[in-house]
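Paired with subunit B in one complex and with subunit C in the other, subunit A is shared by the two complexes that follow.
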Partner chain A sequence: MRRENAEPRRSPHRLRALIPGLGHLALGHTGRGVRLMLFSVATIFLVVWRWDRFIGAFSTPFLDRWLASIFLILMLAGVIWYSLRDVGRIQQSAGEERRGKSPWAVAMRRFRENRLAVYSIYIIILFYALAILAPILTPYDPAAIPDVMANRYLPPSGDHLFGTDEFGRDLFSRALYGARVSLSIGLLAMIIAKTIGTLYGSVAAYFGGTVDNVLMRIVDVWIAFPTFYLMLMLVGVFEANIVVLVLILGLTAWPGTARFIRGEILSLKNQAFTESARAIGLPAHLIIVRHLIPSALSPVLVTAALAVAGMIGAEAGLSYLGLGIRPPTPSWGNMVAAGKDNLLNAWWVAFFPGGLLTLTLISFSLLADGLRDALDPKALMQKYV
Partner chain B sequence: MLLSVRDLRSAFFLDEGELWAVDGISFDVEAGETVGLVGESGCGKTIVALSILDLIPHPGRVVSGRVLFEGRDLLRLPPEEMRRVRGAGIGIIFQEAAAALNPVYRIGNQIADVIRLHRGLARRDAWSEAVKVLAAMGIPEPEKRARSYPFELSGGMKQRAMIAIAMAGRPKLLIADEPTTALDLTVQAEISDLLRQIQDEYRMAILIISHDLELVADMADRTMVMYTGRLVETADTKELVGEPMHPYTQGLIGAIPVLGAGSETPLEGIPGAVPDLLDLPSGCTFHPRCRLADDECKLEPPPLDDAAHRHQCACYKVRVQT
Partner chain C sequence: MLKYIIKRLLLSVPLVLGIVTATFFIARLAPGDPMDMYLEPQRQRQVDPEVIELMRKRYGLDQPIHVQYVTWIKNVARGDFGESFRHRRPVRDIVAEAVPYTLQLTILALLLDALFGISLGIISAVKQYTKLDKTLTVGSLIVYAIPSFWLALMLIMLFSVNLGWFPTSQTRSMNYEDLTMIGKFLDRMWHLALPVFVLGIAGAAGTARYMRNRLLEVLNEEYIVAARARGFRERTVIVKHALRNALIPIVTIYGMSLPFLLGGATIIETIFAWPGMGRLTVAAVGGRDYPIIMATTTIAALLTVFGNLLADVTYAAVDPRVSYDAPRKR
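The block that comes next holds the complex of A and B.
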């Protein structure tokens, strides 16, 4: 929502904000200013430090390297845009407290009060950023095998942050590339599962009767399969790569969401606002998408965060068993598997990917906790009734 | 004739049995006219409104009858065309505006939705049109209110916003189901003034449904009295209030307190309570509470017959008297 009464359009603060953080510092928002500054300095440092790779990416045909470089540019543009906008906002509302009042804004405020959840968001964003930036960040090629005898099982050091594995490959590089596999599988599979589940469940609930019966019996059958064994069977049939794993994980997980959403929609569809949506002649698909799903969405968001953790865990489990992503392509699961036989002699081989995996899973769980508290409909209602 | 309801019957099919909420009702609404529908709570008034729009929730449905709107039978209309009637042909305002507005959308968006749907305006134009509609509903600072969420508005404002949603599609008939019941007295007066005013402006017909005979008498050209799913008396409002024929109508009017009447004229109520719709008395369903009832009334339900000019009444005793 924009205010029209922004007379001091070009104030010194606003100009100063062109350097991210400076405007905030001048206005006395020290914490945010320092953070914005650190962020932009780190980004610029990265560009300068890895200039060859940053600029070199555009002369390669590799999509992931293009993405990494573009992402860096976006990060820089984003921080400048954000600090400009934020300084403008702070100035406009000088004195008065600006509080969004939509239910989502209320939930956001409540979420920010939960420190653990906020830190987990930071960690998650950091990991995803590291994964995207892997081609720029990694000191070594994750698959390159140098002089094996001289380099195998080197402990963590300045040269090799996470040490090296039995083939002398740099584990830090492998861990970052492994993050791409694990994190993207988790996110994509969750999106597939939640999208299908939400649409399926809400259609069943809204139309009810026979439609509901048929659709939900299909779900019952689907749920009756033990998921992990189903996955084992499927990865046995199809050769496991990222796409196949995303599809398998996503397509086995949606029935739970469908059943859950159906319950939510059943209670929503008899509420007066649904009735009035029908009374103004809104077609069924718009009633579902615009009125029912948004009201049922907050618990889905909570389970979505948990689902990402579940998916990442499942992928790691499959890869650990040698049924998921196969070496030499690194994934956290197969990296842990590679180190499991040498835990005493070369603990770092399994420790770092395992630690990253654990940290990721914990972060998603804490994020889910935070979302649940922030989106609790009862607590929300108290604020706006 | 704008709306012509013929022998409408709607029922809920419950585990306990069939509940006939509307049991053979016929009436007409002419363009630009205001018709009132009065009855105690639970007599099926709201179901009449929902039947017209074919919006009865499960496990209920319209069982038989015809609802002719501009000559087309709404109950046999394909769903696509029925959607166009809802909102653009017939608007409805519900009793609980607070619950009927979606809490997660701004008021302006909810009105703009109707405008985009039925008048095909682009998003931006629909929004400015929504602000205009809000202004026409007498909402101060309409731009600001359009950006508000329902929980930020007072009860009266919510009701006005609800009316704005109903009017945004420029309906030819506005069904107002207990439009003022949830509001306090001063706001009630404002809302009924508003309804009169927008009727002057937009020239639509109004079907006003309420348990409040005073409100209906104040607004309606003609009034229908409903009891346990049937009409018991219909007449021009003046005549109905001045010379009520049916004992039930007489009871309703006798139960209205008159300011300054003094204690020597005691307030008369109707003895007993509205019967359970699942277990209705035989014959005239009003007979257990009726002072005129005799054995004849327990046999067959009385038909709604002409009793005087433009005045119909469903009572054996009244017909005998005239």
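The block that comes next holds the complex of A and C.
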């Protein structure tokens, strides 16, 4: 067996792989090795550079600082674990490229070939990491107002990467804290919308008849409202803070998913695997959750990426209009709004937060596009199997 | 055909009723009643309680909720949306003033959308997998993803503030009244340029992608192969055989833009201080002017219903394959 041949060479490389990337370099996987090394060096640099804040976080009562420090530790542990596992895998397959043939493996390969989509996923991960690490990274307190007269409207420079705003607050720090608000609202609202939509749609489709009829008529009414109008109306009714806003966004956006999932499940529910599950007496809720939903889920993945972009965009739009997240809590939307009246003298106030927002939305769209191509079942089995 | 239209109209009656009901109850989800929300606690203390009671009476808020609901339905059926808290005028009049402005903006934006979207989509599909196609496809995806308010601000910064080519906002210049007819028209166009561009280009990006996919689908059909085999020029094949069929679903898309046409664009209208439906809604939400919020939301939702209806009917009229007497397949 191949494995026996690999056995003698195994231990020295494994040891070397404890320093992330070194094992890969020794095995000739230069690109991956260098990337792993750079990543771990950057992480260690961050820990050393911000040692006070890294360690200090554990003596504060603030959850977000704890999270940031724990996230750093996890990043280090993760890169070591990954490089160990990957070196082991490379040795086991002894140079032969393993080509999985499951639909997921094929989809993964197709996705990796789409360079734009891969870059987008890097950008998205980077932005989420920056958001989590904000308490460690930010050079200034995002809310601190220093000597206003001396510090207001400073253009971008080494001290203030994105410049300062009308109160002399550092915009880079605010943009990172704004990322926390905007990115987490987008993700949470998407999860709420997709969960409700999936459950609702599958219940309607599985039970059919009157249940289906009643449930889908409700969806018809809900879907007739243009989403942004509905959000505006709800924002007008409720005082918007972060939690309320997440709920409003999530609860307005689910009917599309419900209608889509219903269609998928309707076509699945009379197939043999569902009938055999019914025949062995599986209760309805288990058939739905274990068999029907997983089969219908991959197109939802595509729309999920788009939905995050939609939610982040909607939150930014509402906050821009002054109806979403309100200052002093920074969100990308209200930061752009803060700069809108001073485009001539202080272009950077509106430019940078909006630029980050734009980059995020574009990345999610490209990601969704890549996922759609990779998961397209029609194209899936042609080229690769 | 007439039978089909009447049937669809009847089917949308419960939907319309549902929309009107939903709007009413969403507006009542908040604690208290709309007057409590309009007069926030701090302001409420300064107002004489008797005055508040009088205002309640004037807007019918002193009635039990089911009476209010029935009144609301009756009034909406007559096209009466009550009176604005803030403007103290019938909502119908305020909306009637906003609609023409919105139409100017949205009609031009849709024209730009169709012009660029359809032509770029066709180019992209005909040159499939070339560099040009890839650039257009990725480019349209990116343009579609850019948040409109940021794009608008950046364009204002560049073309209005720095270069001074276009006005930053408003619908007319200071000297508008002194201009001739042609001058007035040009002045309006000048003010429309930036908002129309922002709205139109985003729409065009979506249309281009859609057009490309539809045309590619049609180009794979057997009758296209047959047309090529018969020796028609490529141009004839694409324009006469493929395009005609590929354009049919596009008709549907434009039928569904009815809510946009009259409902306007909330954020862009606000940025450019354009006094249309969108800005009216945003201002009403900011000022908690419930009668206006309820009116514009209801109108937008009703337009969606009729937009879909319109799309289906035109689809049936344009595409001979759709038979409107047989039961429709979903």
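Structure notes:
Simple rule for what comes next: the second predicted complex is superposed on the first by the 369 of 385 C-alpha atoms of A that agree within 3 Å, B and C clash if a C-alpha of one lies under 4 Å from a C-alpha of the other, contacts with A are read in each partner's own complex, and residues count from 1 in each chain.
One rule holds in what follows: contacts are C-beta pairs under 8 Å (C-beta built on N, C-alpha and C of every residue); 3 or more make two chains touch, one makes a residue touch a chain.
None of these values were measured; they are calculated from a predicted model.
Once both complexes are superposed on subunit A, the partners subunit B and subunit C fit side by side without clashing.
Contacts of A:350 after superposition on the shared chain: subunit C is touched, whereas subunit B is not.
When the two complexes are overlaid on their common chain A, residue A:295 makes contact with subunit B while staying clear of subunit C. In the superposition on chain A, contact is made by A:280 with subunit B only, not with subunit C.
By the touch criterion defined above, A:362 reaches subunit C but does not reach subunit B. With both structures placed on the common chain, the touch criterion links A:150 to neither subunit B nor subunit C.
Our angle of interest has its tip at the CA centre of subunit A and reaches the CA centres of subunit B and subunit C; in the overlay it is 90°, to the nearest 10. Judged by the number of subunit A residues each one touches, C leads among subunit B and subunit C. In the superposed model, A:236 lies in contact with subunit C only, and not with subunit B. In the superposition on chain A, A:102 makes contact with subunit B only, while subunit C stays out of contact range. When both complexes are overlaid on chain A, the residue A:48 reaches neither subunit B nor subunit C. With chain A used as the common frame, the shortest Cα distance separating subunit B from subunit C works out to 12 Å.
Put simply, subunit A uses no single residue to touch subunit B in one complex and subunit C in the other.
Note for the complex: subunit C touches subunit A at residues 14-15, 18-19, 22-23, 26-27, 29-30, 37, 138, 141-142, 144-147, 149-150, 153-154, 156-157, 161-162, 259, 263, 266-267, 270-271, 281-282, 284-286, 288, 290, 293-294, 296-297, 300-302, 304-305, 330.
Touching subunit C in their complex are the following residues of subunit A: 116, 217-218, 220-226, 228-230, 232-238, 263, 309, 313, 316-317, 320-323, 336, 339-340, 343-344, 347, 350-351, 354-355, 357-358, 361-362, 364-366, 369. Note for the complex: subunit B touches subunit A at residues 53, 55, 57-58, 82-88, 91-92, 94, 96, 99-104, 106, 113-114, 117-118, 147, 149, 151-152, 162, 165-166, 169.
Interface residues of subunit A, counted against subunit B in their complex, comprise 1, 101-104, 208-209, 270-273, 275-283, 290-291, 294-295, 384-385.
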